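I have a structure here, written as structure tokens, and I will follow up with some questions on it.
Per-chain numbering from 1; labels A, B, C and D assigned in written order.
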């Protein structure tokens, strides 16, 4: 049985796993990312791959997933916000070091592929995957295949503008969807609320060590779990924006299902119903069309490794 | 050489043409649409097809294009705003009447396919076609094939929300893109301007018989051609909203090219440059990605017939 | 008992009345406005005043009300949108013709004064009067006196911006309050609704001769009186914007009462309750302050004549 | 010559000064505010007044200024956000303790009165004073007198809504002017910018100890003084919103001058010109009216003491 290795290259750590044809991870390793130096980053990837390969002789290929723009040949990372990669020929560099064929993919695409093959998207040929983390990552499955667009940069729908002259975004524009529907948006909402109404936000402030300025998404989530109404209000806002954006994507893509993944999927029990409601309210042609399903991702944080490994096999 | 017939079923007229494998129309007929009565509409389509088939013995199939939602089997029109069709099994009805295989497609999809095969999209495998008419129609080409989505309702991107609590839309929502970027939006802009500043809008009012209330997109276009600054201001607004929406689509689809068709493409010389500029300003990751081309449709009003006919051949 | 004459100078007609100290109109005359020619306009005013004065020997002064900017000396109309007056020394011109002292006032200010003295504002020293007509006219009473501002142009609050980048306004700006809360706004709302959803707006279209483009505030009002839900939806929108704007004015002026006058006050039974509700929802400090009363004007279309006449007596 | 004492009761400190008829402060004392306990707060005020009175035998009255809603009789503080006062009869409490007549006034009103009598508003009978501090405080002078409104709560124009569904405000509403034009707004703008673009905001982050979350208005001001373009961009935003809001106030109040005070007036050299420009662009009827002057406050942080003292003399 052939094995492949999936690597998730993040800004702070590199994680790599040996994955079999059923999407099971046989072994997993991780180490810090030397993110400031492209050569060292390539070296760290090769190190993990080498160690796994030494243990698993049947490994035939490697898939890398990284946040950023990947070119359409899946060889070069054009731009990665959390790494020092600019037009980095990472495929070649890693292939030279490890002696195995390598494919590169955007990390959210890799996660989407993992879910499509082995997770919440099994059996559905038209999918939109939304990873709600720091920002929004996206992946699209069209007729059972990963959609990349003409130049490899598709599914960056966190940067659809949802509010003219809205909140600033790291991409340089204003009003991008991920500023309203993400873990950061949840914290933003909570901090705004805490600044203007500290009494109402008292529990979230307490969970954040007493300061309104540093409330994190985690603190909001914990407070929400406890039933804190201020935290639930923040969740409601994020859910409404998520559902609205999904309605906009449905107008374009009409998928069979949406898969909600990323860090916020850990609190899916709090988010899923309000997202579904907001989506149904907002989708165009409601009543004249079959609605897309809305599901929570199943593979958790390993989805990227599993997906990247499987893409290397294709 | 095999021929097919393409039919464009509009709210006021049905047009049908015999099309060869190179997308050339050999003969074309048209008649009014008996739009209130589904049976009569089917009869009118069959009548035109029958007359064309009598002249062209090599016709092997028929493609129908109509505004509305078409199911994923391309057999049933679920909902057509300008016709009396609700869950109308139009494929079966026309097949029974004409004795030829029939496929049904959304009209904007048919146009997109026509342009992709024989028009401005030739040679490009990833396309987004935008028809700026009364509203916005859309078509998406993925890897050389027409994208339909899971349930056949994809590419309805005229109903992406671009302004929260914005202008009302016929779909029941508010703030849909087609309320800001279309022939209707152009007229809307001009009427608003004329109501509040009739002096500045004098030329458009004059071209509309003296009334600000009934300014049409045509009057705005004529005034703009004459260099009227008020009309050009209206065009600028529509161009900016068009470019912004294209940027939102590029974030999701990253196409090789956008094709701008529909009634407004007749004034493409006034629109194209400001659309390109607005698109470049708004697209996320500008500078880190290869930009999508922006082109004007080439087939004009016949694109729908040509596209529907060719889809019947696939 | 001393009498004064109040004159309401509109774009289409001049109306003048002899008014006693209790605000009663003893006699009233009207004639068309020769609005294109400043001299003829002055002549028309003098003609009416002369005829009234011939019948009522006790007349001691004349008050003129006109839409536009009046300077702080109440002598010169700086700008009147519906007349040919630009820096027009109308006080001097009329005084020379009629041999009586003349004061000039903005028409909405005159109406406000009429209501303050003899109408819905009696007994209240701090008032904000809002005339909802074609646009919004305003008048402010401070400690029992008409507020004019430093240069005479106060109380033009129809041009407060309530929506950034909102609907165009005749003043050259965008998003002015009167574009959302006025008779014109009511018609705007109805036309937008009728364009996108003619079925839902069928009654208003029918009352307007079959065309969505020419629906008037009158048609909306009639339909609303009949209970038409589409018309009531338009009323609701105007009421919400009215109440919100009143909340903004209350933040600045904290009046004892708002008086709602102008053409829309004829349908006050439909508007008053939703306006009150929207105002209460929107006012800052709700619960920590005594709320301003909200009342409907009592003097009807004569308020301007009565107010102008009384101002001439002060 | 009669003397009065002005007291500025803040959330963290109480400051009191003896003021003569020319608005000069002869002596000033301050101490921390025991803000959680109404009795102790009254005691602290009485303590300072008693110490000043012991030194200045000619003191005849006391004026208190405090952030909050003051009733129209100037006796009771209905609500003070930074103190524990709710329907607090502070006038009576302090009079009993100090044996002098006391008047109470909103702190921004007191500042406005100080500037009107002895500062930037001298000689102008129609003024709007805007104190840009944590939020926006306001004061209005009408015909040479302080405007209080019917119930004493006028000039709270920081809570005019300028953006529908905009930023949260401590008053419970959204989109209030002070969320866009104040020291807090400046910090908000800078933090948003720093979160999404830390490189561009590097200098402001550095001045804030390395964290984007805790950038203060002070850090933005310092960076702006050094010419930092990111900080100047934040200033530009605040200036534009300030000028727009002033235009809205001018539509209602048409003052002879605006006085800009509060903490941000310390950086008036950076703000004044862009505010003036934004105001001129936004004011309705521009070109047909005499523009209000825009001036910087002259009395600095003592304006409240001077104004409160002088109000006690009236």
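Please note the rule applied: a contact is a pair of C-beta atoms (placed from the backbone, for glycine too) under 8 Å apart; a residue touches a chain by one contact, two chains touch by 3 or more.
Computed from a predicted model, the values in this text were never measured in an experiment.
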Chains in simultaneous contact with subunit B and subunit D
A, C
Between A-B and A-C, the pair with more C-beta contacts
A-B
Farthest chain from subunit A, going by mean C-alpha coordinates, please.
C
Averaged over CA atoms, how far is the centre of subunit A from the centre of subunit B? Could you give it in whole Å?
34
Distance in whole angstrom between the CA centres of subunit A and subunit C is 57
When the centre of a chain is set as the mean of its C-alpha atoms, what distance in Å lies between subunit B and subunit C?
46
Subunit A: positions in contact with at least two other chains
164, 172
Just say which it is for the chain contacts: an open line, a closed ring, a star, complete, or other.
complete
In the complex, subunit D touches subunit A at residues 167-170, 172, 184, 192-193, 195-197, 213-214
Interfacial residue positions of subunit D with respect to subunit C in the complex
69, 78-79, 124-126, 138, 140, 142, 147-164, 171-173, 176, 244, 247-249, 251-256, 282, 284-286, 288-290, 292
Which bits of subunit B are touching subunit D when the two form their complex?
164-165
